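Below you'll find the structure I mean.
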Amino acid sequence: MRNLTGLLFAGGLGFMLLSIASGLDFGAPPMLVGEAIQSVAPQETGATNIVTSVVLGYRGIDTLGELSILFAAAAAAGLVLGRRHTTAGTLTEGGFVLRYGGAMLFPLLMTIGFYIIFHGHLTPGGGFQGGVILAAAFFLPLLARPGARLHHGMLSMIEGFAGSSFILIGLVALAEGEAFLQPMLIQDTLGQLVSAGTLPLLYLAVGLKVGAELAGLLSHLAQTESEA
Amino acid sequence: MAPLELIIELVLMPLVAFIVGLMMVLMMRRIAAKLQRRVGPPFFQPLYDIVKLHGKRTQVSHGMIHDIGIVMAMGGYIAAETLLPVPGMNGIAEKGGIITLLYLMMIPSLGLALGVGQCANPNGSIGIARALTAMLAYDIPLVIVVFGVAYAAGTTNLVEIIATQQAGGFETWGAVQMPLLAIAGLIAMHASLGKQPFEIYIAPAEIATGPMVEMGGKYLGGLFVMQSFQLYTTSVLYVSLFLGGGTTWFDFLLKSFLVLAIPVSIAYLFPRYRTEDLLRLMWKWPVMLGLIGIAFVM
Amino acid sequence: MTLTLLDELLLFSGVTVLVALFLGRRLPAGWMVTILYGIQLLSLLKMAPLGYGGDPIPSTLILEVMGQTLSWRFDALSWYFALITLGSALLSSWYACGEWEQRFRQAGGNVWLFHLAMALNVFSMLILLASGDLLSLFIGWELVSWAGFLLMAMAGGVATRAAMRYITYAMVGAMAIFGGIALVYVSAGSLQYDAILTAVSQMGTPHLWMLVILFSAGFGIKMGLMPFHLWQAPAYAETPGPGSAFLGAISSRMGLFAILLVLVKLFGIVNIESLKIPFTLIDARDLLAWIAVFTIIFPTFTAMKQNDARELLAWHGIGQGGYMLLGLVVADAMGAAGGLLHVFNHATYQAALFMAVTAVIHRTGTSDLNKLGGLVVRMPLSFMVLLVGIIGLAGLPPMNGFVSKWLVYRSLLNEGMPLLFVAAVIGTLGTILSVYKLIHNIFLGQLRVEHEHIKEAPWSMMIPMLILAAIIFITGLLPGIPLAWVASVQEAVGLSVPNYTLGGVESASGSLDMIWVIGVLFAGFGIGALVFYSAGKSKRVHQLDNYAGGHFLTADIRYQYSDNFYAGLMHLIGGWYRGSFLWLEKSVKSLVEFLSLGMQGIYRRANAEFYLLSTALFVIAWVVI
Amino acid sequence: MNSMVVLPLVLPLFGAFLLPIIMRASVGVGLWVGPAILLYGCWILGNQWISGTAMPFSLAIGGFAPPMGINLYVDSLALLFALAVQLLGLIFWPFKLDPETARRQALMLLLVAASTGLALSGDLFNLYVFYELVAVATFGLISASSTGSAYAATIRYLILSGIGSVLTLLGIALIYSQTGTLNLAHLAQLAPEQLNNKLGLTAFLSILIGVGVKAELFPVNTWVPEVYATAASRVSAFLAGLVSKLALLIILRLLVLIFHQQEAIQVMLFLGILGVVSGELAAWRAKDMRRMLAFSSIGQLGMIFIALSIPDQAGLLAVLALSFHHLLVKSGLFMLADGWGGAIENLRGAAKRSPLAAIVFILFSLSLIGMPPLPGFWAKFTLITELAAQTSPLYLIGLAVFLLATVIEAAYLFRLAALLYRPVSEEKPIDTIPKPAGVSLVSASLFGVGLLAAALFITPVGELLNHVAGQAANAELYIDTVLAGTGGGR
Amino acid sequence: MTPTIDLELILYITALGLISIGLAGVVLSQHLFRMVLALVIAEAGANLMLVLAGYRWDAVAPILTSLGEHPQMVDPVPQAMVLTAIVIGVGIQALAVSILIRIRQRFGTLDRHEVAAHMDAEIAQIAGTSRDMSQESPLGERPLPPLPGTPAASREGRS
């Protein structure tokens, strides 16, 4: 009976949504804003990756909000899970491959992560993606050696300073008389590594922050096994 | 109207009422005697009774209110008589009207109730409770009747009510115009007299004559006076409402005595009603008749 | 800016509140407040021309709030009600000063709160009476409701529960009025009386029906009209003594004031009469009249069954309100005059009665009718006041209650409403029965041994009672005095005025002259007394010296006939007391409880939100598809 | 000066990021960071308010003109709410000192920042982001009381909120696929042609339900009682008082600017009525004070939704009046619940223990019921006159429900008030009667004073609100202000 | 173009289907962790929906590969938004999971009903109320008790 109800509910919901969506224009979105951004973004932000220019420029404050959400989630998880971490012996030591693979991968992941971050304005990728890879880099050893710990003080330093530097960059623009988060120092070197003014800096901040938050969250989850 | 004349009327009307009332008491007792195949009292017996009671030595007073109650009982009726027109004398009937009269007629009951209450005799209190209940019973049809008559006449002024009835001779009498109301009124009037079969509030065998239980001497005398007034007032009121009052003293008195004779004659035919039966009776037949009568009037 | 007389009055009233608030904990606070009421009354009397057809007196205070103009003014109607308010406040407060207050304090009562609540009540009532538009009327209305709540609730315990019930009813009423005001505002575009007057003439029948129902229900709840009467008796009865005298005298008359103002003055009886109820012969006015009549009968007969003196009086208070409304909705000259006059008369005797009963409680400590008796020799003055009061309440000559009831009866007769007439008389008869029970069980019959040595009530309480008794008698003797005020009230609300004289009313179809009636009545009493006292002297026996059923009764035997006083009557009609309205009230409450339970269930069940969500989505589907 | 308005939004974020670090360095300094930032925010917004609210202005973030970039739209309504956010943030500041202080304060700062963002932002997706930030921050704050029930309540809230965000996202996606823009002003321009259809309606309703989770809209408010019953009073006060209003603000903007369909309004009205009915009725039986307040808050929000279904100036005036009134009163009441939070039965005689609290409670109750001349009366008055003026019968039902709900409200509030003054039984020592904590009582009294002040200065307050409502109801003004000089971005 | 249209339709159906499945999962699950997972599914659907809102078939990713003329590109804005939405989702899920851990520790279960029951009990215990939804009248609203010494019947007139 229960399943039937569920089936009916899901089916009805889907059908309803579908009937609504059938009113949509397939494949030809209006793209009012999108077109406009495409045409001016390279000049205004100096980034060839238009998504980046949207993420950091046009919708920069969204990104700030998003960082804050991550921060809030990490802080909340910290509140929930508490400070005391007892690494219980439930996790078994990783095997040879894991241990040494992790160690070997660490520099690689770091490199890739930072590469992706720094080239965020040129190629697909950016702070989020790079940040996640960074987090993975730090987290891998944790899986391999359960006894290992992330340095929480360090993490919170990184997340704090990364986040605040994002804001600071925005505030500098404000202090210069421009708008908050206005891209600055745009050189006329579209397509080069050093081309998009403050955007890469912002992405660095994003990347560090995301990396730190995720690493922190994961380690919180991993390390909390029993209540103190 | 000259003030002097008015004052004379005001003095005369209660006096006449008292005398006629005494005669009515006499008539009542005579009829009762006839029905019971007795001789009956002599002519002046009602008066003698009162005088005798007044002269009695042993009289117990239970306090001020006991006295005042009797005074109120007598005074209320004395005042009521001045609102009840008799041939040639209107008194202050025009200044009060029939509603005031009805209410003034409640004053004696209230006075009596107060007086009895002070006596602290449970039988008396029970009697009063019954008497008041009976009042609730018969006043409802009575009020319906009064409403019908006053509405038909378009006035509450008794003088005018009488005048309208006298205007067209026999045909314009209330009883002819409004026979249902007249019947209802007769029943209500009978009940209001508190005579058999509606004398449950006295019930001598049960509650030792109820309200009268602590009354002796001048107290009982006062009540006798009150009774004669009551008989007079009730019958004259009925005459004024339904029988066209009186053009002369003769037909006035004739009508009054006749009216009174009816309930008194049939009184002994029925057994005594209990309180709730009295209520049931009064709220059923006279009320129904009265309401139908009003429907005809309107 | 010069202060008008109304400003002065309101100012004094406000000062009274402040004095009660800040100085109320000092010892002579009661006297101060009483004197301030006196000053207010004087200030009101300075406006006396209002009572004789003078022009309305505005207040200089005019507020503009949220696009609404709030103004206050006094006209004959306000003045008349204010006179009653302040009069009863003065006497109740006077009554409260002195010994009553001391006793109250000893019993753990809060005298400060009592005086404050009284002052607040008076102030808010004056504000209500002075209202110059519907919004200020509503503001005043709410103030009166809550001030009343304070006074009722302050005794704690049972009183608080009664007050809670009151405030629930009052809120229902207030919300009905609030809704009505919104509807009026929409159709009139303003809440000024003038605008409403013009708007009413253009309103459609359904609209008018709605307004009449909302307003009469709202105001009627305060008056304790029929389906909404349950709150009143317990609430008034449980208020501290002088407070119940004050509330019983005037509080619920605020409802009548508002009905007069809104239904009679603004809507007009003619308009209300034009609202026919389909498939019947009656219209909205008849409906109101019948409600009034049922309000007379049922509470009166409920009063008859009460065994507590204050409950009994409070129930009668409800019934008497019915006469006022009945007179008003009949709305011919005499009926309206009778209804309005009854407000005054009722205030006087109801206050006197509550005070007398409170005096008895003060001395004996109980108001249980089965635990009293025979007090007439111990407290003769109180007895007299109570007697005067019950004669007024029962509407018998020579007291003032008779005059107003006479007017109501006359108008019913003139208008040809036999059933209403009969019903009104039934109410009066019921009243006579039940007030006799009251006076008998308290003052007559057997004196209890424990009451053998009690004294008459103290003078601080006696004087206001005597003043009230005097007023009851004098206005019964000379009803022309209040009738003059009533006449100007009638003019102010646009009703025809009866042809009144000092002693009563002149009319082609039967008039009344109380001077003569009372004259002959007292002459009759005089003659009766002469006859009676001409006879020999009687022997006075002691109150406790009694004899019944062949035995001398000793004082320790209780033989007071008090419980189930009208046994015969109750045998017949006892079964008719079904408590239907209590049942109705209970079932409404149970319904709310039940719904509440269900709603809590919705919020409590762990997965309910999801089902709700699904329903919500289906609502979307319903709207979209 | 105009560009400074962004600071009250950004600085709390800044502070939040750095707070853990500062706290680690020096607790003494750290404790002052939050209040200082909020005070500064108040100062900026206050200045802005004083310097002129006559004309709204738009502030492009990053210098990108709308509709391409995100803009903040600052009119008097937004400013008022932003100011309220900062002030309440200050009043409800979590002072408690323990090892988690840094996190709690950081979350509070984030909450304040996000709320400010909700008040100011002029972009649909940006609103969504801030909305989520509010959600996450509140999850943290609620679960900070670290009882099992708090966690359970939070997860219930979280799941509902998750459903809400899915629906909101769906709505945003629909809107975007239909119009290709997310800027509210731009949408307002396009809406009459492109969103005035079923699709637009669906989008609106999805967003309505999604955002309604926080605005305590009827079917998706089942988290309310448990959360308010378990969270710290200050958090509940902030949630009930302010966050719900901000969610409402989103719906208000959408209604005024974009969605004018009759059906949309009717659904909202219907849900509002259900909210009033369910909330007030459930409160009638509530046995502990917090839950009672929670249910009552649902009812009140329902009333605001009813008011919101009249999206003209007068209706908005009613919405604003009710919102701000509820903000003052409910915040105050929740402050009292800090200490009085337990079973109602335990409050017997509490007036003896702390008379001031009892008086403040009665003041709030009276205003909530709508006792003139307290502000609650005027708020209700504006609403019912508007409701009565509508022709649709649903509005009249709304009116009737509203009035009846007020009766029930009065009954349960005064039942409690009477209980406060009930005499205490002899054997129970007076110290065992609960009593609001000192700080909370002070804050509650502050709200009470605010309420009285509003009652005294009702005329200027009313004019002010009317002005605000007028500005908020003016869609033309919004469009012109935001898109001035950009030719509508086409 | 027929096949492409079908493809689009499939994508839309997928997106909406994910949302439906996710929501139905939330409604029907008994286990809190499953509910969170269902939420993740629904969120994925919503994100897909968002991406689709700006997608064109005949266009390339919005990255300039050469200066000057650029080919038709898909809308970059939804992509940026999805990026944001995904991160938000991750944050919330992480928080949810950490709360679930705690609940599991406190109550020893993650069954929805059991957790709700535990929660009610705990709230009631903290507040000091009786937990059950008993039928007794709420406080202060019990019928007025008769005055001492008064027969109960006398108060209940036909009122």
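To keep things simple, chains are lettered A, B, C, D and E as they appear, and every chain counts its residues starting from 1.
Note that contacts are C-beta pairs under 8 Å (C-beta built on N, C-alpha and C of every residue); 3 or more make two chains touch, one makes a residue touch a chain.
Because the structure is predicted, anything quoted here is derived from the model rather than measured.
Colleague: Compute the shortest path length in steps from subunit B to subunit C over the network of touching chains.
Modeller: 1
Colleague: Take subunit C away without moving anything else; what clusters of touching chains remain?
Modeller: Taking subunit C away leaves these connected sets: A, D, E | B.
Colleague: If every chain is reduced to the average of its C-alpha atoms, which one ends up farthest from subunit E?
Modeller: Computed centres place B farthest from subunit E.
Colleague: Return the chain whose centre of C-alpha atoms lies at maximal distance from the corresponding centre of subunit C.
Modeller: A
Colleague: Indicate the whole-number Å distance between the mean C-alpha point of subunit D and the mean C-alpha point of subunit E.
Modeller: Their C-alpha centroids are separated by 20 Å.
Colleague: Cα centroid separation between subunit B and subunit E, in whole Å?
Modeller: It comes to 86 Å between the two C-alpha centres.
Colleague: How big is the gap, in whole Å, between where the Cα atoms of subunit A centre and where those of subunit E centre?
Modeller: 23
Colleague: Averaging only over C-alpha atoms, locate the centres of subunit A and subunit B and give their separation in whole Å.
Modeller: That pair's centroid distance is 107 Å.
Colleague: In subunit A, what residues contact two or more other chains?
Modeller: Subunit A, residues with two or more chain partners: 9, 13, 17, 20-21, 24, 29, 31, 33-34, 37, 58-59, 62, 65-66, 69, 72-73, 76-77, 80.
Colleague: Residue numbers in subunit E touching 2 or more other chains?
Modeller: Where subunit E meets two or more other chains at a single residue, that happens at 19, 23, 26-28, 53-54, 75, 77, 81, 84, 88, 91-92, 95, 99, 102, 106, 115-116, 138, 140-141.
Colleague: Give the residues of subunit D touching no fewer than two other chains, as numbers and ranges.
Modeller: 125, 129, 132, 136, 139-140, 143, 146, 151, 156, 163, 170, 174, 176-177, 180, 182, 198, 202, 284-285, 411, 415, 418
Colleague: Which residues of subunit D touch subunit A once you look at their complex with the stated criterion?
Modeller: 3, 6-7, 10, 13-14, 16-21, 24, 59-64, 67-70, 99-100, 103-104, 106-107, 110, 113-114, 117, 121, 123, 125-126, 129-130, 132-133, 136-137, 139-141, 143-144, 146, 151, 170, 174, 176-183, 186, 190, 194, 197-199, 202, 489-490
Colleague: So in the complex, the part of subunit A that touches subunit E is made up of which residues?
Modeller: By the definition above, subunit A touches subunit E via 2-3, 5-7, 9-11, 13-14, 17-18, 21, 24, 26-29, 31, 33-34, 37-38, 41-42, 48-51, 53-55, 58-59, 62-63, 65-66, 69-70, 72-74, 76-77, 80-81, 122-124, 128, 190-191, 210, 213-214, 217-218, 220-221, 224, 226-227.
Colleague: Quick check on the complex: what are the subunit E residues that touch subunit D?
Modeller: 19, 22-23, 26, 32, 35-36, 39, 42-43, 45-47, 49-50, 52-54, 75, 77-78, 81, 84-85, 88, 91-92, 95-96, 99-100, 102-103, 106-107, 115-116, 118-119, 122-124, 126-130, 138-141
Colleague: Taking the touch rule as given, give the residues of subunit E at its contact with subunit A in the complex, in rising order.
Modeller: Spelled out, the residues of subunit E in touch with subunit A are 4-5, 8-9, 12-13, 16-17, 19-21, 23-24, 27-28, 53-57, 61-65, 67, 70, 73-77, 79-81, 83-84, 87-88, 90-92, 94-95, 97-99, 101-102, 105-106.
Colleague: Going by the contact rule set out above, which residues of subunit C touch subunit D in the complex?
Modeller: It is residues 63-67, 135, 138-139, 142-143, 146, 149, 153, 156-157, 160-161, 163-164, 167-168, 171-172, 175-176, 178-179, 181-183, 185-186, 592-593, 595-600, 602-604, 606, 608-609, 612-613, 615-617, 619-620, 623-624 of subunit C that touch subunit D.
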